[in-house]
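Please find the structures below.
Look for subunit A in each of the two complexes below; its partner is subunit B in the first and subunit C in the second.
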Partner chain A sequence: MSYNKVFSIISSFICIFYGQYIKAQISGEFQTEAQYYIKDTITSSIEVPQKAMMNAYFNINYTYSNFNAGLRYESYQGPLIGYDTRYQGSGIAYRQITYTGQYFEITAGNFYEQYGNGMILRTYEDRNLGYDNSIDGIKLKLFPYKGIIAKALWGTQRFFWQKSPGIIRGFDAEISLNELSEKLDSLKTKIISGFSFVSKYQKDLDPIYILPENVAAMSGRLRITRGNITLSGEYAYKYNDPSTDNNKIYKPGQALLLNIIYAKKGLGFIIAAKRSDNMSFRSDRTATGNVLNINYLPVLAKEQYYSFATMYPLVTQINGEIGFQTQFIYTFKKASKIGGKYGTSITIAYDRTNSLKKNILPDSTFMGYASKFLSIGKDVYFETTTLEIRKKMSKSLNTIFSFINIIHNQSVLLGHIGEPIIYAKVAVADIVWRISDYKTLKYEFQHLWTHQDKKNWAGLQIEYTIAPKWFFNIGDQYNYANSDQNRRIHYYTSGVGYVHTATRFMFSYGRHREGVVCVGGVCRNMPAYNGFSISIISSF
Partner chain B sequence: MIISRKLLFLLLLVLYPFIIISQIETKKNINACILPKVNIKTLSGENFNTSNISNEGKPIIINFWATNCKPCVKELSVIADLYDYWQAETGVKIVAVSVDDSKTMFNVAPFVNGKGWEYEFYLDPNGDFKRAMNVNMIPHTFIINSDKEIVWQHVSYTEGDELQYIEVVKNILREQINDNNDIQQIDKENIDDIINE
Partner chain C sequence: MMSNKIKLLILSFAVLFLSCDKIKSPFVENIVLDTTINVVRKILLEDYTGHTCPNCPTASAIIDSIKSVYPNNLIMMTIHAGYFAEPAAPPYTMDLRCSTGNELDDFFGISDVGNPNGMVNRVFFNNSRIINPNDWFSAFVMEQTANTPLIKINIQNNYYTDTRLLQTTISSQFITNINGTYKLAVYILEDSIIAPQRNNNPNIGSVPVINNYIHRNVLRGDFNGTFGDTLANGDIQSNYLVTKTYSKIINQQWNENQCYVLAYIYDASNYYILQTEIKKIKNTN
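This part shows the complex of A and B:
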């Protein structure tokens, strides 16, 4: 008998065996982006000696019965421009195993978790930001009774390829009153309440100060819904935590988040307010930047998606800010006077964030400053007013018109000390023409007006798509009014992409302007660059 | 010649695990992954386990989206115009899972109501379900059958993709009808056997 026959017999036997008995599930995802940089004297983009760099992530999930195991390999071969260079290297950045029973779930290894709104604990991963503050340790979840969930965790945080010097311990309990019994469930008012406690430990090695080695933070939350109205609030308190962020003051921190929501079909309204004061909470008191954050302080600003509207973003001020936001969304019915044949929807949003009103205290108190809880400081940090109209003109023509007014305090938000406040207006016309069922042509016109910073910009992006596989785009952003004639630069981009089910491949070329990439107030700086890029994402 | 055969055999042995993996892979594609069980939240903030997502044996489209994601909002707006027709024709249900974080998750209820969308909505504010479903970019759409198997998925959105979704849904229904016919056929044969005995 030839080797091939032996092999094929063994092979088919094992395959049949595996086919019968493997009930485990393997799934995962893969993401990579590689960029090739070209020297560009016009934009004075930074030079890259390696010429090409790459970020890659490979994630695999294995599930068998009540067990789940996950592993993520990351490789940064010269992290892409704009990512923290401390990521340089490759390795297993995440691995965990979880067992889920009827009343409990236990995880060993790396995990992501959020308590309430995350104001005292939130760990998450955002590859756009190069952000990963996962905790490595043990996490326990208990489901003792319907409507009650208790969670506990213990571990250290990811710091690029190392671990935080501090240890984090946390506990959270949430009770959904109406779920406790059928009688409560029949009530019109729904109440959910929660409490969290998080403590960090870091050894005091400071030669001068006596620093608290254990710092605790706690928060309570309540949510009441009746009919179309929801009221929700969370208050967080952090004990004294002298750190590099707060300039080593012994003042405790606090934060409050309130939301009032009204929602019924065709109409939505929200008003939200937030105050945070000295709420930086990290697993290393000397850390700065987007690293080792234990908590997350949500910013109250409408998230914009057009590129000129994101040029001047709100960056979370961890030492303190006070803000409010309101948003109104309404859809005019089809075949009504304003709604037209196909319906029209409008969004009106306004938000504003100011400084806290602070009275500076003498150094001898070590408290830094005093601040009344409801007083608003006079410095504007950020303000936007947004009007968006979406109207389907005909069966094949869809339009979005957007107007955004922005006030941006760049000296505070971006550290451009001494630079004036930016007053900018952005107008967008987004027109989608569906040529046939599968072919679409999209035009996106944008214009930005400002007398500050780099003055006016104009932009056009054209995209042609053939669903469900292909897309092609070309675009230009032109800083035509820059006061420096030599800086009136065209930022051209072009790209082609191919999608096959859960795999997307994209090749692009372009000159990219410098800017700030933000997701929810967490931002990273993006220097100007020019070059080619290949990106692949795939889930399996 | 013998040496080269030995070499070939060795090579095949080395490659063996990969062949096995590829077999499992193929098998997985045929049998597909089951929807993972993860705790997410309803729009009113109550806990909800994804194992409770159901549609009385009919296909379900699960869509991951966010209020600040332009193509996602476009996709759900386009489908909103077709949804009544889709439901009447196939009975499909759309489950829209928002991955808005704590900054914008309170906006989701007024947003979807303001738009007048009629999908089944859930919140996944810290991405637990998103991670379990291996979603790395939104929008990401999954189609699951009556056995809660993920039979199809698609990443990104462009106008026209929705026509493919409904085709996949119809294919699932066709297969279900064929399977039912097969089962009925088997039952009939069994009955015939019993009668003959």
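This part shows the complex of A and C:
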């Protein structure tokens, strides 16, 4: 009997029998999405022999006293278009038991963890991306002294329905200096410092290269807060790690992330800078794509919400990039000249990511290139300038107006080699009209201008909500200026949803354009498709 | 307050993780070629590619580099399948896909992972049958040095130019006692098809497109199904010989002077390829 089955039986036993006699808490969540695909000759969407496909997830959590146990069953009958087909199948993808004591917490099974900003270790699940790099093993968390947390972990990573060939060992310690004594706690300046060390092991089976079987990475971080301002930074270093990503070079990797955040009522700004160089860190040195990543490299770009603004996203370049981000938010007071009766807020943001400046070294060095730490390459990868104004016009009318200027190097970011850099401008008007206490109508007008790629787009989305049960939407994205007359396509969508207690049903139909789905710089390709979709999300 | 034992435990954990190997030059092993084997074991490298795949010419160059070191041991076949192989806007109008290649691609899920990718004798290298071009050389050497030949294949072609009929006779002889089910798959390849290819490597050719790119050993179809037919099963004795003959009309669009018969034998239980052979259809030997 497999470990999974034994684990499931034990977990079920605990839930069913113990739950009846003692005060235990059981919670969970069910989520499924099924899609029925229709052949669409206009969009050249891919044909699906099965016609319908489905992704489903069922989580259950059991908590009693200091114990917590949980498992997640996943079923991919397809899986849905755009998801990695290696997910095909069903089974228990996640199961864990945790005990929390006064000085320690121990987890056995699958777990997610992040050290600092994640630059040497971050495991997480994101269903929108079809991303899950959980670790299966042991995690220990220690609280030896007030203000000190030490963590250790040891395990292998999830690789669809298998495990990574490499083993991960990690250690992290974080000290909140102010918590160490009452005297320090009384200081206005708050300091938190941390150190992480992660090592991976993978056997060297390569007959040509002498590969490091143990590859280590370490990072140090510091956060200082005084009043409304916070300064933070993290530096990470990775030892030689020849891999498919870096074309088997023995150059060490480095990354630096700096943040300044200021926030007070009505005013805030963020300034951030990042440099990462050769920081791909995976539990399989031959892996590519969104699999078996041990670390995560944060992106420095304002998060965009509207579909046209996300059409050309920033995709993290794991082999190296340098960038910075600034964002300024100001709220004009109510009853002021600009603030009006209900107040107005304005956001101005600018971010840019460039290549690293590299001097290519001879192949015989096996080091790939040299790059000065603060030198910036001439290639622009990504740039956005965003202006966003939020204004409440009346008690029943809320508006958001956005203008986003985008520079997107599709050749680098999406691998569209030889294609020109995209210069796009996006304007959005988001108007929410509260008709009554229960009824809301939302209009979202969007327009995208560009001379590259598929040229201009216009879009409209209308949502009607009858709280708390019903919601309806209808929309269209029209690529009206495509240089190919036959590709001037309407991508229309419609849907209806119903909410009953903690369960949400959604039924929709539409034609979906091809594109890239990104969350935090991690992306997956989404082919065009046409069809029906049913989704159910329920929690208990 | 936490006891000293627990503090010691934390320290022990920290020390446990201090594992790192720092490699210094030379970074490569000293490889010695073995030239004493009579029956040559030929290894099949399946390169899944497409004409709009910009990284594919670089992958093809890797094959050339393996071929330069192991000229007698490598047989390569390119399979045009998946998104990058679809006919697209000019100049990428040619369609080099075929149903055999599509079926192989679907079955092994290569283009789902992305192009270029391939398989080396369908062996698992670092737990994956699908191998990135950067690892082809390593996988090839591992496969080359780890196994001795178990089967010998001989191909005899009779090609009739007037009718374009090709008869091919595949003789397979087991060299050692072996147990299992073994299948023979026989394909037709066309070499040196000249057509545009997207490219991002200026060291190989013009960027972003090489207009007169030479597409090597392109899979065109099969003689006995994508996965072939059974050659032998059960306890197979040394010197056991099986001869099979197949025929096919060579497509008018294909250059008969550049067509080859490729035959390979694989273990039906795991698709692992034991031996491969290739021969030009117009070669009278």
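Rule of thumb we're sticking to: the second predicted complex is superposed on the first by the 518 of 540 C-alpha atoms of A that agree within 3 Å, B and C clash if a C-alpha of one lies under 4 Å from a C-alpha of the other, contacts with A are read in each partner's own complex, and residues count from 1 in each chain.
Note that contacts are C-beta pairs under 8 Å (C-beta built on N, C-alpha and C of every residue); 3 or more make two chains touch, one makes a residue touch a chain.
It should be emphasised that the depicted structure is a prediction, and the values quoted were computed from it without experimental measurement.
Of the two partner chains, neither subunit B nor subunit C is touched by A:Gly220.
In the overlay built on the shared chain, the residue A:Gln327 is in contact with subunit B alone; subunit C does not reach it.
In the superposed model, A:Leu205 lies in contact with subunit C only, and not with subunit B. Of the two partner chains, subunit C is the only one touched by A:Ala150; subunit B is not.
One of subunit B and subunit C touches more residues of subunit A, and that partner is B.
In the superposition on chain A, A:Ala272 makes contact with subunit B only, not with subunit C.
Of the two partner chains placed by the overlay, only subunit B lies in contact with A:Ser539; subunit C stays clear of it. Contact with neither subunit B nor subunit C is seen for A:Gly495 once the two complexes are overlaid on the shared chain. Across the interface of their complex, subunit A is touched by residues 5-6, 8-9, 12, 16, 19-20, 23-25, 27-28, 33-34, 36-37, 39, 44-47, 67-70, 74, 77, 81, 101-104, 106-107, 109-116, 125-128, 131-137, 140, 152-156, 158-161, 163-164 of subunit B. Residues of subunit A that touch subunit C in their complex: 84-86, 103-104, 140, 142-145, 150, 152, 162, 165, 169-171, 173, 197-199, 201-202, 205-216, 239-240, 242, 244, 247-248, 250, 284-286, 288-289, 366, 415, 417-419. Per the touch definition, subunit C reaches subunit A in the complex via residues 1-2, 6-7, 9-10, 13-14, 16-23, 25-29, 31, 54-55, 109, 112-114, 125-128, 131-132, 134-135, 137-138, 141-142, 145, 198-200, 207-209. Within the complex formed with subunit B, the subunit A residues making contact are 2-4, 6-7, 11, 14-15, 18-19, 22, 25-29, 31, 57, 59, 61, 63, 68, 70, 100, 112-114, 116-118, 122, 124-125, 127, 147, 149, 174, 176, 178-179, 190, 192, 223, 225, 230, 232, 259, 261-270, 272, 296, 298-300, 303-305, 327-331, 342, 345, 347, 390, 398, 432, 434, 437-440, 465-468, 471, 499, 501-504, 520-521, 537, 539-540.
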